[in-house]
Amino acid sequence: MKYPKSILDKFRPSFEPGGKLSFFKPIFDALDYFLFLAPRTTKNPPFGRDPLDVKRYMSLVILGLVPSFLAALYFFGWRVLLILIVSYIAGGSVEVLFALIRKEEINEGFLVTGFIYPLILPPGIPLWMVAVGIVFGVFIGKEIFGGTGRNVFNPALIGRLFLALGYPAAMTGSWVKPGWLPWGKLLSSFTIGPPDAVTSASPLVLAKSGQFTPLFNLFVGNVSGSLGETSAIAILLGGLFLLIVGVASYRTVFSVLLSFVGFNVLLRLVAPSVVNPVLFNLLSGGILFGSFFMATDPVSSPVTQAGKWTYGIIIGLVTILIRSFSGFVEGMMFAILFGNICAPIIDEVIIRTKMRRYAREE
Amino acid sequence: MKNSVHVLVFSGILAMVCAILLYAVTQFTEPLRKINEETDKDRNFLSALGVPIPKNVKPRELLNIFEKNVKIKKIGKITIYEYIPETSKSGKPIAIAVPFSGPGFWAPIKGVLAFEPDLLTIRGIRFYQQEETPGLGGEIASKWFQDEFKGKKIVSKNGEPGFRIVKSGGKSKKANDTNAVDAITGATRTSERVERMLDKVAKELYKERKNYVR
Amino acid sequence: MSDSAVGLATGSGTTKPNKKKYLETFLGGVYNTNPVTVQVLGICIFLAVTIRVQNAIVMGLALIVVLTGTNLFVSLLRAYIPRRIRMIVEVAIIATFVIILDQLLRAYYWEMSKQLGPYVALIITNCIVMGRAEAFAMQNPPLISMVDGAANGIGYLWILVAVSLVRELIGSGTILGYTILSTSWYERNILFLLAPGAFITGGLLIWVINAINLSTNKEDAK
């Protein structure tokens, strides 16, 4: 590994301040860092007090997402890979552009955003729409707030929200029937062409008209839905891994799920005709995926422990309310974004109450 | 004390002046406003019935056309508007309009359905009052949606009265019954509500129809 | 109102404004202290009417008329308006103006009035009108108050038009009702027809304007 390193070192001066190519320094650094792991400390939050730096943190999250990604690949075919590539290229360009303008390092944060985002999209979505969504998500959801670590909202969700509200017809018409044993859709080509374009309503849409998909199918994942959210077992595999290594906060995950289940039970007692059964609700839609991978985003969720519980309870409640009583069949996206808005206020309130208590004790 | 008198006198005069001004303007514009509001409904009825309306028609002329060509009748509880051209000798209607209304997604929707003389086949539809989401539910006011209704009937193939707005799932599930049109994608709620009011008017009309068509 | 009122009002006002003050007032309303991009006022109407360019133009023009008119009358009466009830007086004048305008639109431009819905009547609550009356017309002679009113109206108009151009183009693929982006290949973005579309477009516009101001200020400093 010495040889390539010496090549990089040869070009280093021209990227240093004053050099000809100093504008492109962030790209050079990223390459250097990616290939040779130059020992450096993080300059931007989130800061960690343990060996878990941003980079390792991000790679662990991606590792946790791998089961869901593989499930998506199996059920919906190779097009998933295409969507992922588009997401990385389009969103990455915005990220690099802003790093150049700000003269900052290119942040690894985008690796996760660009990986989660395809998993919350419907399988049949046009590729240009994938690009538009992630560009909007990274630009409006993250960069204008100051970049990684300063975003109020989860950028991937902002991207999806933009598509869901901007192109509702295309988004609701892009559900695809999943493949099944033995090879899923692995043998199909990259396109979801006319022969495959049987749009099929997602379980939550069907539930509105009283058709409940069997729980086994929801658990395994051979149902229609967003790419990564259909297979409950894959999500649980990856999610539990994140809980064990301590990357995802168990407080957030449990509070979201407990509040969702709790309010579901309560509301079903009050209005059994409009509220779906608990297990069905828990296994369908984005509630599992959202609680493990999206609500736990350390930047857009509260910092305090009590804050995390409050935040999770809000998300669970809002989700079940939207699912049961609104025109939308799925509420996870709105609920997490709503939680994101509340997060800073929750922290503020909790920290102040604590400070007041300390002051009184002294 | 002097101050209070000033306040009283000033506000008195100001209120008087404003009141007189407002009164004068409302009085002056009233006939014009009234005719605008009336012709607004008539214009939609005429256009649904297929009555030729000259371009840039003055409101008063429009009322005139309406009075000359349209006869209002009642069959059962339903008010119908018959289009009998003033030049027609037979005096038989060539189209019949039936108004309908109901709750929309944001605000009440009002519209009119025009039928062929058989009172079964739809000739046209107009929504003259709606505040649905622009671009989504608001599409009910657009030409492509209203064109879907042309030639549809208020009975299904099997002879059942009613009307459906079908959620089209891709190309395979297009509305193909005689009494169904495709819904607006992304505007499920508006479509549902419009379906409900059309279904109601279709069923009621079908019941009263025997007393009308001989 | 009467001639004596004009004479008295100008006489009791501050020193006669010169040409430079007129220009400053005008530029202030149109750009430097623009009601939308700098003061962020009148946003409710801004959200509603910028769906279509045509609506934006009519609303902008209506606001120019109302602002100029109310500023004139408030300024003329400023020497007589008792301080304690000045807000109520301002509202009364504004309301009278707006109702008259609304009635005229209903009588002569029915289609337009129908499209603008309740928003013409809601000009009464538009903070810009009240703001200009209170902040400017109460302290300045009639002529320059009219300039201030018109300038703020123009400032509102051009922002409305700029934002509505973006929203109508992206949301409906049309401009002033003429198809620019054909739906045969262009997918309309509904979000731009909803309120968030106005917030996003307006926010980006404010960003651009601030960025321009910042860079020109830097150059001035040099």
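All chains are identified by letter, namely A, B and C, in their written order; residue positions are counted from 1 within each chain.
The rule is short, and it goes like this: contacts are C-beta pairs under 8 Å (C-beta built on N, C-alpha and C of every residue); 3 or more make two chains touch, one makes a residue touch a chain.
Bear in mind that the values here come from a model prediction, so they are computed numbers and not experimental data.
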Which chains end up together, and which apart, when chain B is taken out?
one piece
Compute the centre of every chain as the mean of its C-alpha atoms, then state which one is farthest from the centre of chain A.
B
Roughly how far is chain A from chain C, centre to centre by C-alpha average, rounded to an integer in Å?
42
Cα-centroid distance, chain A relative to chain B, in whole angstrom:
46
Rounded to the nearest Å, the gap separating the Cα centres of chain B and chain C is 35
Counting only residues that touch at least two other chains, what does the list for chain A look like?
168
For chain B, residues contacting two or more additional chains:
136, 186
Give me the residues of chain C that touch two or more other chains.
190, 194
Chain B contact footprint on chain C (complex, rising order)
51, 80-82, 84-85, 88-89, 92-93, 95-96, 99-100, 103-104, 106-108, 110, 114, 117, 171-172, 188, 190, 193-194
Partner chain A, residues of chain C touching it in the complex
187, 189-192, 194, 196, 200, 207
Partner chain A, residues of chain B touching it in the complex:
136, 169-170, 172, 185-186, 188-189
In the complex with chain C, residue positions of chain B that touch it
3, 6-7, 10-11, 14-15, 18, 21-22, 25-26, 29, 32-33, 36, 40, 59, 131, 133-136, 186
In their complex, what parts of chain A are in touch with chain C?
129, 140, 144, 162, 165-168, 170
